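Here come two complexes built around chain A, the first alongside chain B, the second alongside chain C.
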Partner chain A sequence: MINEILVYVGEALVLIGVFCDIAASIGMLRFPNFYTRMHAATVGTIGGAVVPLIGVALMALGCDWLGTYRFFLAGASIVAGILIMLLAPVGTHVLALAAHRAGLAPKKPLVFDHLEEERARRND
Partner chain B sequence: MTRKTLASIPAAILSFVIYLFYTGSLGLFDVITGAIVAVIIGLLVGNIVVENPGKALSIRRGFLMLIYIIWYFLVAETKAHIDVIKRALHPKMPLNPAIIKVPYNVSTDYAMTLIANSITNTPGTVVVDLDYENKYFFVHWLDAKTSDPLKAREIISSKFEEFAKKIFD
Partner chain C sequence: MKKSEICVIISIVIFIFSLAYITSLGGLGYLPPVDVRKLAQIYLASTYNPYQPTNTSSGYESVTAIIWDFRGLDTFFETAVFYGAIIASVAIYRGVEISSKKKSIGMSPIAKTVTRLSLILIPIVAASIAFHGHLTPGGGFQAGSVATVVIVLSIMVFGLRRLVQKGVTKPKILLLRSLGLIGIGLTAIGLVLAGLVIGVNAYIFQNQAKAMAEISYPMWIDDVLFGGSLLFFNIFEFVAVMAGFTLVLMLFSIEEEEVKKVIK
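Let's turn to the complex of A and B:
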């Protein structure tokens, strides 16, 4: 009974992940510039990678026929999920900072930009 | 016991727990190798990563962290994901992006990291840069509802800040 619930909840989480990944890739293609695409990429890392990894962990815990390997699978996927949670934003911060500092990414739909004003004030 | 050895205890406990989680077994071999690895790692990095051992070992702070993670996943992440997915799939694609400065009011590096990571991990807001001296994050916001930094803080990061203050400050 409890095993079946774990497997079904895990499968639901993996399904949510699939949906998030598809939506993220559509957003990646449709959004107008680099900065807005970064938000779509975040949907892909949290909804599309961390949530399904938790789902895989629950599914592994529910599968009796895996024997003791199910704990290994569950633990490894949970640790991987936590590491993605901690490390993915670092990459996003660095990419955004580099793009803004180099000024290579078009900023066109931006309504206002406090960072640009701040930088201009510091250079004065 | 000196502060240095005390500081290595939380680091050792954390690496021991992660090791056991990762191997997924409580056999004698895994516990012994895990303990050896944990002690070595604790002595190596404890002094660098832990400033105040009492804070790191506090059960109340760990419990708050757990509550924060559950709240963050169930409420903040879900709301932000639904919002950004709606924008991505909407035929007209309503976007109103802006880079806004958001003030913060915490002192430790860990709390700052927690807030910045939380902001970046919710789709719709990305931290681009930060100003150490005047305590500002520069946040790229997909749907800028306001251009006033204080109001933006209320919408974007006030909840994260509350928890970060309780957990790490």
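Let's turn to the complex of A and C:
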């Protein structure tokens, strides 16, 4: 019973990941500028990679026929998921900061640029 | 849609289908049988064979056994060539000092914090690749390349000067690099030296006992498969490759103005 629940929850998480990946790829193509496209890419890494990895871990834990190997699979997936969750946002942060500092990415359409104000205040 | 976009889509589809077709074809003309071939059988039978102690190389991993046992001399020559290339780059950059007086800038605090975390994780992965080289895929060169990521990250995130302030200086890395190569050399002639002392026959690059030379590196220590000379070779190669790549990366990331002061 508990095994079946684990497998179904895991499959649901993988499905969420598929949806996030599709949404991210549409966003990558349709969004207007660099920063919004980067937002779509992050949806792809967190929603489309971390969530399915946790789903895979749950599915592996639910599969009795894998024997002890299910713990290896689950552990590796969870560790990989945590690492991606730590590292991917930093990569995005560094890219966005560098693009903003270099002024290479056009900031259009723009509603509010807090970083620009912060930098202007710091330079005063 | 623009014409160029349509061209890109069509070329991607053609590329994927032709790749799939070539992969399913396997080759042109007569294809050899898919079962295990004679040469592979020889390698598999002699990589780990406790029943024939004179015909084994004491590790489970065939690739490491081939690289450091069956063709050990060749790999030693490769390492020596790599060492020569590093020495050549150091010679070109002779006299160029990395000034550690100026303050390094580095990236934002967010990047620095997470990099500090991954700077602990990467050496663990590298060490596991090096110490498991005779059991699982991996080995010294791969582990050294993984460990070099630490230096790349440190130079990019904290800055080269910070690295030098922390004590990672050119002479120290050169010393580490030389220690790695000396270790490889000593492991290669270790049994010959031991044979001279005891007074028995031995060969260079000998791992396990042979018919005419009965001394060997330890294959098992307690119930852990030690791997004989393979483990030593992997560890020393790990040190040598890591130090070599570190040195070249540090030299390449010195500012052009600093280099131009010396090399005109």
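FYI, the second predicted complex is superposed on the first by the 115 of 124 C-alpha atoms of A that agree within 3 Å, B and C clash if a C-alpha of one lies under 4 Å from a C-alpha of the other, contacts with A are read in each partner's own complex, and residues count from 1 in each chain.
Everything below uses one rule, namely that a residue touches a chain if its C-beta (ideal position, glycine included) is under 8 Å from a C-beta of that chain, and two chains touch if they have at least 3 such contacts.
None of the values given here were measured: they were computed from a predicted structure.
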| item | value |
| --- | --- |
| First, second, both or neither for A:116, with chain B first and chain C second | first |
| Contacts of A:43 with chain B and chain C, given as first, second, both or neither | first |
| Dominant contact partner of chain A by residue count, chain C or chain B | B |
| Partner chain(s) touched by A:15 [first = chain B, second = chain C, both, neither] | neither |
| Touched partner set for A:5, first chain B, second chain C, both or neither | neither |
| Chain B versus chain C as contact partner of A:97, first or second or both or neither | both |
| Touching both chain C and chain B, counted on chain A across the two superposed complexes | 86, 90, 93, 97 |
| Residue ranges of chain A touching chain B (in the complex, touch as defined) | 20, 23-24, 26-27, 30-32, 35-36, 38-40, 42-43, 45-47, 68-76, 78-79, 85-86, 88-90, 92-93, 96-97, 100, 109-116, 118 |
| Interfacial residue positions of chain B with respect to chain A in the complex | 18, 20-25, 77, 81, 84-85, 87-89, 93, 95-101, 116-117, 120-129, 131, 136, 138, 140, 142, 144, 147, 149 |
| Chain A residues touching chain C - in the complex, by the definition given at the top | 83, 86-87, 90, 93-94, 97 |
| Contact set on chain C toward chain A in their complex | 107-108, 110-111, 114-115, 117-118, 121 |
